[in-house]
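Each of the two complexes below includes subunit A, the first together with subunit B, the second together with subunit C.
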Partner chain A sequence: MDSTSNSPDLAADNQRRAAIDKSVRGPVLFLFLNGAFWLMLSTILGVLSAAKLFAPSFLGDCEFITYGRLQPVHINALVYGWGIQVALGIMLWIMARRSGQELRGGKATMIAAGIFWNITITVGLLSILLGKSTSMEWLEMPKFAWPVLLLCFLAYAWPIARMFGRAFRPEGFMVSTWYILGACFWFPWIFVTANVALHCLPGLGALGAGINAWYVHSVILLFFVPVGVAAAYYFIPKITGQPIASQQLASFGFWALAILGGWTGMQKFMGGPLPFWMVAIGSTVGVLLLVPFGLVGLNHHLTALGKHDAVSCSPTLRFIFFGSIFLPVTGIILALSSAFWTGASIQFTQAWYALQTVSVYGFFSMCAFGAVYYITPRLAGCEWLSVRLIRNHFWFSVYGVSTIVIMSLVAGWQQGADLNNPEYWNLDFMNHVLNSRPYVMARAIAWALISFSNIFFLLHLMLMVAGLGRRSNAPTLLHRSHGHDDTQTSAQASHA
Partner chain B sequence: MMNFRSFILGLAAAFALPWLLLIVVPALNYQQLTRVAYDKDKDGLEGFYPPAVVNGQGQLIYIQEGCNQCHTQMIRPVQLGLDGWYKGWGQDQESRPAAPVRSNTLRDYLGEKYAPLGVQRIGPDLTNYGWRAPAAQVIHQKLYDPASIHDWSTMPAYKHLYKLQKIQGPASERALKLAGKFAPPAGYEVIPTPEADRLVEYLLSLKKDFPVPGQPAVAAAPAAAKK
Partner chain C sequence: MSAPAHPDSTDLDRIHAAVKREKVDQPPSNMPAPMWAIFLLMLVSIIAGAQLGQSPLTGRVVDVRPGGSSGGDALDPFQLAMKKGSSGYSVCGGCHQGNGNGIPGQFPPLAGSEWVNGGTERLIRVAQHGLVGAITVKGQGYNTPGGMMGFGAAMSAQDLANVLTYVRNSWGNEGSMVTKEMVEKVRSEEKRATQWTEADLKPFADKNVPGDVPAGPGATAAPAAKK
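Then we have the complex of A and B:
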């Protein structure tokens, strides 16, 4: 994959890379650090909102933290605070490295855009807590937020796309940059469409709800999935030293996602007021997406085949490996909630939460963690301090997010069965509420474990950005790698 | 392989198709959607469908509080879910309705800036809540402290929509009738704010199962089906 790794003049090559890294250092570290802060906040709010779901008077009947206001803040902090922010950082770095170009100008604009992005989200989320929510999923922030967010996004997307354009070689094969360019290109389009439709048109009634669901699905499928897949396509070959297993699969997976990604969403309201063909298309495509997800997952698996030693000792590869396992899982949950056969049973249940969590946290964030663990040392000029912190972060994340996804899915099945239980037809919702309570408690506990590890992730990252990491030429690996005994460090020895 | 321009065109075309067909054209067409008049001969009804515009002020409170996180406003057809047969979820409040409640159409939500169809159904569906709603007093009590009605309820208490005030002179007739541990301290009473009143008016106005012009009513289910 990396054509320069066999270059005879290794020193010059390393210098070139160092120059590229230096050129994107400021914006990327800014995005990572702020993203990690929002991530920590979002997971803590996840605990709180799950707690409010089974104990509504937890922390008092305060109006600012009712479930209806807290849950959107939790999700929005995850999506805009962490997800998009860290995605932009990863996109910028991979694109610069992949296209072999330094970031020439616009660094100050990028930092300014980053600051405005964070201010807007802060004000937007506070507005939701203060009772100004729009109740449109993933767009709950008041109307003023979206133009600012759009401009800030473009301040990053435009230079990234320019790099791609300058370095595009028709004969070259750069699938990770395809995905990144796609994400740069599709997100503003989706974002503008949804916001104009919902805020500027005179009112779309139930169609607005459909467009809202389309927005959520499209952002997942045409932004978070491409960025996560791009990171996987970049780092798996890089660390295992093997080329991408199949270019045909990669190419096919990319175009299949591009063609199918924009059609889903309306199936969330199957059986509802939307025209039937919209729901039917969303439902069909939701199942068809299993094909690209399966192919991409297979390709990643084949690329990492035989290098499971690297998976166990490289923090980056470990996170990305599990992230790419969650990709087909995302596809399966999407298919389950899209097909009428199962979708009608888990409609309007926690299965919807399972889909959001598995795509944004299980798949995307795990890949993003892997990328952050790789990129940060190269930009900060020091190595990660503690193997134990990385390892804890990994295991807490894997177990935590798996628990949330499985619990939410099973809870969804239970809720759906309760809603369709003929014996409950004339009862109030007591059974429904009581039956779903244990799953929500499990969710709260899982988020608490994840929050715990994310607090340390943030601290670890802060130390790195402050330049207080380990001074060493050897990367921080999770344990002794068979071929590279010289990479063993004192930090590892003390934690082994 | 392809050149840069055809790559970008490919990306654009792949997304433009669903964008145009699924979002733009339906959104433009929706602007043409209007109320329709009932045909007195065929439908046996007069007036317009849907009969009333939405209570926008009340819906705003509903939206700002995020009620749609737990309450849906959408009845599914019987082949997809039992919604239509839930007791009291439609106009027919009989314990054995003759026919299931009909599922919703686009026109049911006409005039709503954004229809809060719902995220999850943790609480009961509210599409046709207006038919089964108890007296406004009881809804206020439920909003003020749901636990005072059902101890298992996980609904949040919207106490900020109510005002705790000292009783001056005769007690207000609007004061909530709260008993036991839910009662305010002696000499105080709980009064709904205007926001609470708007919200309750909105909830009482939720009736989305009026007959659709030109559509025959759903055939009555066999009476023997339910014993």
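Then we have the complex of A and C:
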């Protein structure tokens, strides 16, 4: 590809990319900024709800901030406020760049949809605090919310899918756009199916719980995972300057996820009143998903091989590198909770929280942070202000989320083993709750560290969006390392 | 190099440096995957397939819960009876209280009661058919209006046996196990539809229903039948 990079149309190519960036600037920055706000709120609520779990009278006995209401608000803010919003921003930008398309129309619709999305979430979360929760996991917001959210999502997904259709792809197959296209179609399908089934079909009985679990698993596997993987597939080659290691692995990983992703969920109720074949398929696929996760992780690893100084240097690559380490970890935790041998011990325990956290925060959000650190300077026209804030954000996130995942997993294992142990037949349920207190305390502390770094992430991002970043031609790198990566390329570019 | 463009500038010639320093996108290459990874993932697939076959070792799902559909024998029979009896006791606890002390003057205690710790025959009959009229428990007289109803018709022999085992081995009580067979034996011998009175039950006061108690740890070591 050296011939391309040295060719005289480099300047034209730069212009083309700058024009694309400019066309998506408004919607993407809007989504990032609002997403970062919800992220900060969600992590603070994570501290509060964990605190309420080990000290129920913390902050008084007000009914609005009991654990049962704070916890769903915390998760919903993380999923809908931060996760899906930032995902849409990343999808829009990568798809526009990869397909070489400027965003033509629909910008005003996108901003309007973004505003409605945020208003709906605000009202929905307040309703949960007021006790109007539907009590269905990840769908706690009242009934009115889902049609609005669906329309808002489609206002983004449709133009993104159109871009793919019109794409100009000189480099041929690029796996990241496939994942993004998949996410555009999968999420509406999952969201409509789950909501119609749960809100509109009467008398589902036990199956309703199964559909709910299917929804949570599917949103993780067919929305958060594809978007995170797409970001990793895009940014790792982009920054290291090496091509994706193996096209075969990439396409096999994609199709395996596409085929398997929608089959899990029912195994959450193994041993419960669901038809056994549903549970058995969920368990099988839950374990089998380790294959695509392993392949994708391997591919990322091979792509970044020998470029580990870039990982320590580039904020984007560092976040994405750790995000893609958390992908196989997500797979392992999913497999542990799906397999019959282990799942029977950790079902209905805090291990469930470990799975949600590792997938939405450990994997997806880490990749999303990397993407935000890369995309924002290009859209805002200035560079990140502070190396220290980025570094803090990284380390607090890595240590924080690892602590939460490990603690929840160990707590879950202990709870499950105690509950199933015949020796403890006379142990009160309350004792199991009390035994998990140290782990929940650790969780609260970890969320507090993460909240601290996310408050500064939001401030940092606000300054960038306001155009108050560093006015410089040099990127904000975590180490001053010479002779590689961004600095080198910028020298080359100026020669051209 | 020129100063970075103002973001709202329409002049794309003055492009932000970040765009200029980007590396070109390249098509993926065809590096082969390492063999060990393929083998590892095959292993994963085999484990996954085992879930579909439910369990490669037994051919069926093992319900690990004590007393569950397939793992009931994981628990010693006495402990299983205690565990199930403790939840069954919620029916009795309404009057006799959770601590087994009853309510003085209204409901007689079970803790330390000679009715409970005595022969199993009388205890089973009381629980099966009920008891009415004036009685004396631990030296104190009780005459609850309506007496105690019989629970035999509403409970299976196993459930009743579990609750009675629990009652005989809680709050300081220590007695032999009551088994399902013992309850069934009493049921087949006695078909009355009315409640017992203290006088009616006098002959059974110290009689134990004959029957084997399952071997194992716990109170099963207690004498099975003292005639």
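In this section, the second predicted complex is superposed on the first by the 470 of 496 C-alpha atoms of A that agree within 3 Å, B and C clash if a C-alpha of one lies under 4 Å from a C-alpha of the other, contacts with A are read in each partner's own complex, and residues count from 1 in each chain.
By our rule, a contact is a pair of C-beta atoms (placed from the backbone, for glycine too) under 8 Å apart; a residue touches a chain by one contact, two chains touch by 3 or more.
Quantities reported herein were computed from a predicted structural model and do not represent experimental measurements.
Trainee: Record, for the superposition on subunit A, whether partners subunit B and subunit C clash or fit.
Mentor: Overlaying the two complexes on subunit A (C-alpha atoms) leaves subunit C and subunit B clashing.
Trainee: For A:D21, is the partner it touches subunit B (first), subunit C (second), both, or none of the two (neither)?
Mentor: In the superposition, A:D21 contacts subunit C only.
Trainee: When the two structures are overlaid on chain A, which partner does A:P72 contact: first (subunit B), second (subunit C), both, or neither?
Mentor: A:P72 sits against subunit B, while subunit C stays out of touch.
Trainee: Can A:L288 be said to touch subunit B (first), subunit C (second), both, or neither?
Mentor: So A:L288 only meets subunit C here.
Trainee: Looking at A:P202 after the superposition, I want to know if it touches subunit B, subunit C, both of them or none. Which is it: first, second, both, neither?
Mentor: Touch status of A:P202: first partner only.
Trainee: After lining up the shared chain so the two structures overlap, which partner does A:S57 touch, if you call subunit B first and subunit C second: first, second, both or neither?
Mentor: The first partner, subunit B, only.
Trainee: Can A:Q247 be said to touch subunit B (first), subunit C (second), both, or neither?
Mentor: The answer is second: A:Q247 touches subunit C but not subunit B.
Trainee: Just name the clashing stretch of subunit C against subunit B, choosing from 75-83, 93-101 or 183-191.
Mentor: The segment of subunit C occupying space taken by subunit B is 75-83.
Trainee: Per the definitions at the top, what is the overlap between the subunit A residues touching subunit B and those touching subunit C?
Mentor: 171-173, 270-271, 281, 340, 344, 420, 422, 425-426
Trainee: For subunit B, which residues count as touching subunit A in their complex?
Mentor: Spelled out, the residues of subunit B in touch with subunit A are 1-4, 7-8, 10-12, 14-15, 17-19, 22-24, 26-27, 30-31, 62-70, 72, 74, 76-77, 80-83, 85-87, 95, 103-106, 108-124, 145-147, 150, 152-160.
Trainee: For the complex, give me every residue of subunit A touching subunit C.
Mentor: Residues of subunit A touching subunit C: 1, 4-5, 13-15, 17-19, 21-22, 25, 98, 171-175, 237-239, 241-250, 270-271, 276, 280-281, 283-288, 290-291, 294-295, 298, 302, 335, 338-341, 344-345, 377-383, 420, 422, 425-426, 467, 471-475, 486-487, 489-490, 493-494.
Trainee: In the complex, go through subunit C and note every residue touching subunit A.
Mentor: Residue list for subunit C touching subunit A: 1, 3-7, 12-13, 15-34, 37, 40-41, 44-45, 47-49, 51-52, 54-55, 61-66, 68, 74-76, 79, 82-83, 86.
Trainee: Please give the residue numbers of subunit A that touch subunit B in the complex, ascending.
Mentor: Touch list, subunit A to subunit B: 52-57, 61, 63, 66-69, 71-72, 131-137, 140, 165, 168, 170-173, 178, 181-182, 185-186, 189, 193, 197-198, 201-209, 211-212, 214, 222, 255, 258-259, 261-263, 266, 269-275, 278, 281, 340, 344, 347-350, 352-353, 415, 419-422, 425-426, 428-430, 432-434, 436-437.
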